[in-house]
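Take a look at the structures below.
Shared between the two complexes below is subunit A, which pairs with subunit B and subunit C, respectively.
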Partner chain A sequence: MAVKKLSKEKIGEALKELSKFRLIAPARSDEVVIFKEIADPEEAYLDYGNSTVPPKKVVFPQTETLFRFMVGNPELEEKNVEEEGTTVIFGLRPCDARAMAIVEKLFSWDYDDPYFLKRRELTTLVGMACVEPPSVNCFCPSVGGGPFGKEGLDLLLTDMGDYYLVQSLTDKGKKLEETLASQLEDAAGGDEKKAEGMAAEAEGKIRRSIKTEGIPEKLPGLWENDLWKKVSAACLGCGICTFLCPTCHCFDIQDEVEELGDGRRCRMWDSCMFSEYSLHASGHNPRPTRRERTRNRISHKYSYYPSRFDVIACVGCGRCINLCPVNIDILDILEQVVDA
Partner chain B sequence: MVDINKLREIAAEVISRDDVRELIGYRPGTYGFRARPAFVTGPEEVDRLIFTPACVNNLATYITLEEKLPVPRGQEPDTRKVAVMVKGCDSRALVQQMEEKAYGRDQVVVLGIPCTGVVDMARVEARFPGVLELGEIALEGGKFVLSFDGKVEEVPKDELLADKCARCRYPTPLVYDQLLDDEVARFADDDYSDIEALEKRSMEDKWGYWEEKFSRCIRCYSCRNVCPMCYCEDCVLDRINPTWMRRSVDISENTAFHIARAYHLAGRCIQCGECQRVCPAKIPLMELNRKFYKDVGELYDYEPGTNVEAAPLLATFSVEDREDFIL
Partner chain C sequence: MKNPYIPYQVNILEAWYETPGDRCIKTFKVTFADEKVWDTWKQLPGQCAMVGIPGVGESMFCISSSPTEEGYLRFSIMKMGKNTTALHELEAGDSFYVRGPLGNSFPVEEWKGKNVFTIGGGIGQAPLRPVVEYIRANRGDFGELELIYGARTSEDHCFKAEFEEIAQCGECECHLAIDVEEEKWPHFVGFVPTLLMEVAPSPENAIAVTCGPPIMIKFVLQNLEKLGFAPDQVYTTLENRMKCGIGKCGRCNVGHLYVCKDGPVFSYAQLKDIPEAFA
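Entry: the complex of A and B
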């Protein structure tokens, strides 16, 4: 099957076609770019760097109801993810798609998380290659990704000027191509080769990096090292770095009781940078200060996760660096780990 | 501009004192134009200290943010002072904290920096994107001078100045042990024109405005954590039993959160603007805080964080107090 292309003139038409599914795309809210459900193709904002909040929230919502309970009714009203229907995330960045594939290893490890996995199954990911790095703090090649990375994606679009090159990567991707049959055209023979050249060029524009070799093995030995106090001194203990991280996946489960005793059990994102995250019922907190919490954040991403799943739980999107209120910089920390 | 050598000299003197444990100042950041907080424990470390218009953080937050571990049996707690560098706005946080008796004046050494304004880093980075190597920002002759990647660019002050600085009433610190430069006279004020315009809009209109903003909130609590006035050891937001505020992120809980926070800062917010600066969802939180600040000034002739000897607004009562707005 020939590689396809989508003319930019037909992008509105294509999005309209896709809006028969639950269509999620980047959109603007004031000057902030967020992923949201799009009803009108005009809302989609594809000429963006990267979104503030990663699209992980589509498959792993910040708050979701697991079931509802009612007074006097022994039956629980269980959540049926299926009802959310077939979903298309259009125009996400390769790092954010790769993050979903990385997190899936955890959600399908000792227990198959029905909510996450069902949503993954229902969702088709249409990526947008990073011809230009979205941020000065991008470092995806250092952690196994790339600006044209395909891992986790079903389709990859590459901006070729007047049109997008459309490469389908999975069966789901092929199916979506069929849906868009009347908007897609055959691409020219040399386009794929050209995209390869663009990918190499894009990778060359990424200026931050870290040599990760040896870090996962080294981290456990640095448990009591002075570096943790130094790198966490400025930390405010907010949730920006974890909530905006495409691979952070911690959650809490709470019951929320409404009027008259009806209510719901829901799960919501939690952050290991919050003090009450590790607070025991006894009042003891095994991670009593930001030093231990920072050590955990870095160690989880760069040691515990790779030792269990053979992959670093960081995709190099740079969000935690860009948005930290006090310029705590994960690459700066990792360099200190290397030097320690 | 503060003389950097003088700043380091004074810092070295202060941190060498037996009764000072730590000095909190600024040092260059890790990339671009960023600066970051520095925690100095000995005179050999003062060479990394800087002060430039990139030093946006309000360091007063760190005085109350410290998490103290229980002191092991047989050991005495470290009661030495903390020294902190503050701009005019930041100093008001110290004043308000002390007004509320969070700690005593003798527990801190305050190095005051008369301030001519800091940048809005988001504006700087939007104007000069992709700067990785450390650049420098200085304020010279009414212009920001940015040096980076071998270039020097001049930008009129008002194009990169932080909004809070364009409304600043107290550029010179209101509390200090040593002032690092000559006093800076008031060069701006808040005319509240945008707040008044917002007040005049219909209820429906106002709700539409805030609904969009609050719906973006991800409840990372960076606004709370960066706030020098949010220093409760046990925050109502973190309480689980009872749950005063649900952890669910939706428009209802987000709105409740922001209203609660604004009320808790009424008569206390000192207008440093840190909450709005750090918000990843770019919620204009200072519009709420300025509305309260304006009301408190008009109704009670009170300005938070201006007088260490004053009693906090909500801890005082006078029979003349306005109460006609109470339902």
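Entry: the complex of A and C
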């Protein structure tokens, strides 16, 4: 089957077709770009760098119900994720799609997490290759990704000027291609080759990097090293590095009860940078200061996760660097690990 | 596929206080509201469960009964925070919710033919109790069983009647301790690690299992080393704040290990190079 293309003139029509599903696309919200459910193709904003908030919330909502209950009634009503319906995330960056594939390893490890996995199954990911690096702090090639990376994606779009090259990567991707049959045309024979060249060129434009080789093995040995105090000294403990991280997956579980006894048990994003995260009921805290919490954040991503799942839990999107209010830079921390 | 976040309702058969005070310990003997759950519930000594009440929350506790005690589960819970305070208000006939069994277990199968020493302090006897009961129920499969247990005062001792029964029937030796002198206390006065050195168990063909406050564990481990126990002959359990109990929510890790999933049972050989294990 020939590779397809989507003319930019037909993008509105294509999005309209896809809006028969739950369609999530980048859109402007005040000053920033976020992923949100769109009803009108006009809302989609495809000429963006990367979203401030990653689209991970589509498969792992910031707050979600696990089950509902009525106080005093033994019946627990399990949340049915299926009813959220088939979802398409249109135009996400390869790093954010790869993050979902990385996090899926945890959510399917040993115990299957039915909520995450069901959403993942219901969701088709249509990626948008990064012809230009979205941020000065992008470093995806250092951690195993790339600006044209395909991991986790079902379809990859590449901006070729007047049109997008459309490469389908999975069965889900092929199915979506069929849905868009009347908007897609056959691409020219040389387009795929051309895209390969663009990918190499795009990778060359990425300015920041880190040699990760040896870091996972080295980190546990740096437990008492002075660097942790140094790199965490400015940290405010705001948690933005974890909330905006596409691979951060830690969550809290809380119960909410309304006045008439109608309640739900829900889970919500949590952050290892908060003191309550590891605080025991007794008052003891095994990670009492930001030094221990920063050490855990970096060690989790660059040592613990790879030791269990063979992959670094960081996709090099640069959000934690771009958005830290006190300019803490994960690459700077990793350089210090390398030099220690 | 069973959703691992949905708990089972249990009914309280009996409930009693082990110890008094602000941080009192209450034991609950429970059975599943739906008896069919027993067909799939297969716990091993040392495993845990998330215990709670919808609307209040849930927290992780060791199952303090052995699988050889059929028809019920036991939990011994110290009143500490929001959830445990709510649980303490419950009595026989009331219900709460449980999901599990979670985590790994003591490798009791591998211990067959060996002498087993348990060294407990305070509420730390709760995860040791299933080991003791398991060995007592399979007495012929194991060597000697010897119990060392201490608490601050005699009032703070858990499972008093059971210790008495075990000591009296003579099937194993019980060494009890309190921290400070009390009138009419016939046993050892002093800390558990000191009592351990008095008892001085031989490491030959032996396993030592310890659980208690972190400071006690620290000195028990040092003393076991002095007595010649190798790190792979020594087991303990860890605890940390937990939410999911199934290795997803992140917070309970010590180094690269999740206490909820890779633990709560660890050999000292596993932990001695993980500085966070005793943080």
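Rule of thumb we're sticking to: the second predicted complex is superposed on the first by the 337 of 340 C-alpha atoms of A that agree within 3 Å, B and C clash if a C-alpha of one lies under 4 Å from a C-alpha of the other, contacts with A are read in each partner's own complex, and residues count from 1 in each chain.
Simple rule for what comes next: a contact is a pair of C-beta atoms (placed from the backbone, for glycine too) under 8 Å apart; a residue touches a chain by one contact, two chains touch by 3 or more.
Keep in mind that what you see is a predicted model, and the values were worked out from it rather than measured.
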Sticking to the clash and touch definitions up top, decide whether subunit B and subunit C on subunit A clash or fit.
fit
Could you look at A:81 and tell me whether it touches subunit B, subunit C, both or neither (first, second, both, neither)?
neither
In the superposed arrangement, does A:307 touch subunit B (first), subunit C (second), both or neither?
second
Put subunit A at the vertex: what angle do the Cα centres of subunit B and subunit C make there, to the nearest 10 degrees?
90
Which of subunit B and subunit C A:252 touches, first, second, both or neither
both
Could you tell me if A:331 is touching subunit B, subunit C, both of them or neither one (first, second, both, neither)?
first
After superposition on the shared chain, which partner residues are touched by A:220: those of subunit B (first), subunit C (second), both, or neither?
second
By the touch definition at the top of the document, which applies to A:3: first (subunit B), second (subunit C), both, or neither?
neither
Using the touch definition from the top, say if A:46 reaches subunit B (first), subunit C (second), both or neither.
neither
Is A:32 touching anything from subunit B or subunit C once the two structures are fitted on A? First, second, both or neither.
first
Looking at A:131 after the superposition, I want to know if it touches subunit B, subunit C, both of them or none. Which is it: first, second, both, neither?
neither
Distance of closest approach, subunit C and subunit B, by C-alpha atoms in Å
6
Subunit A positions touched by subunit B in one structure and by subunit C in the second:
252, 254
In the complex, subunit A residues that touch subunit C
66-67, 69, 71, 74, 76, 78, 106-107, 109-115, 220, 223-224, 249-255, 257, 261, 263, 265, 267, 270, 272, 277-282, 286-287, 292, 296, 299-300, 303-304, 307-308
Touching residues on subunit C, where the partner in the complex is subunit A:
1, 3-7, 9, 33, 54-59, 80-81, 83-84, 95, 239-241, 243-244, 246-251, 253-256, 261, 274-276, 279
Residues on subunit B engaged by subunit A in the complex (per definition of touch):
29-32, 34-37, 39, 57, 61-62, 65, 67, 69, 129-132, 212-213, 215-216, 218-222, 224-226, 238, 240, 243, 246-250, 274, 277-278, 280-282
Which of the residues in subunit A come into contact with subunit B in the complex?
29-32, 34, 52-53, 62-63, 136-137, 207-208, 230, 233-234, 236-240, 243-244, 252, 254, 256, 266, 268-269, 271, 274-276, 288-290, 321, 323, 325-329, 331-332
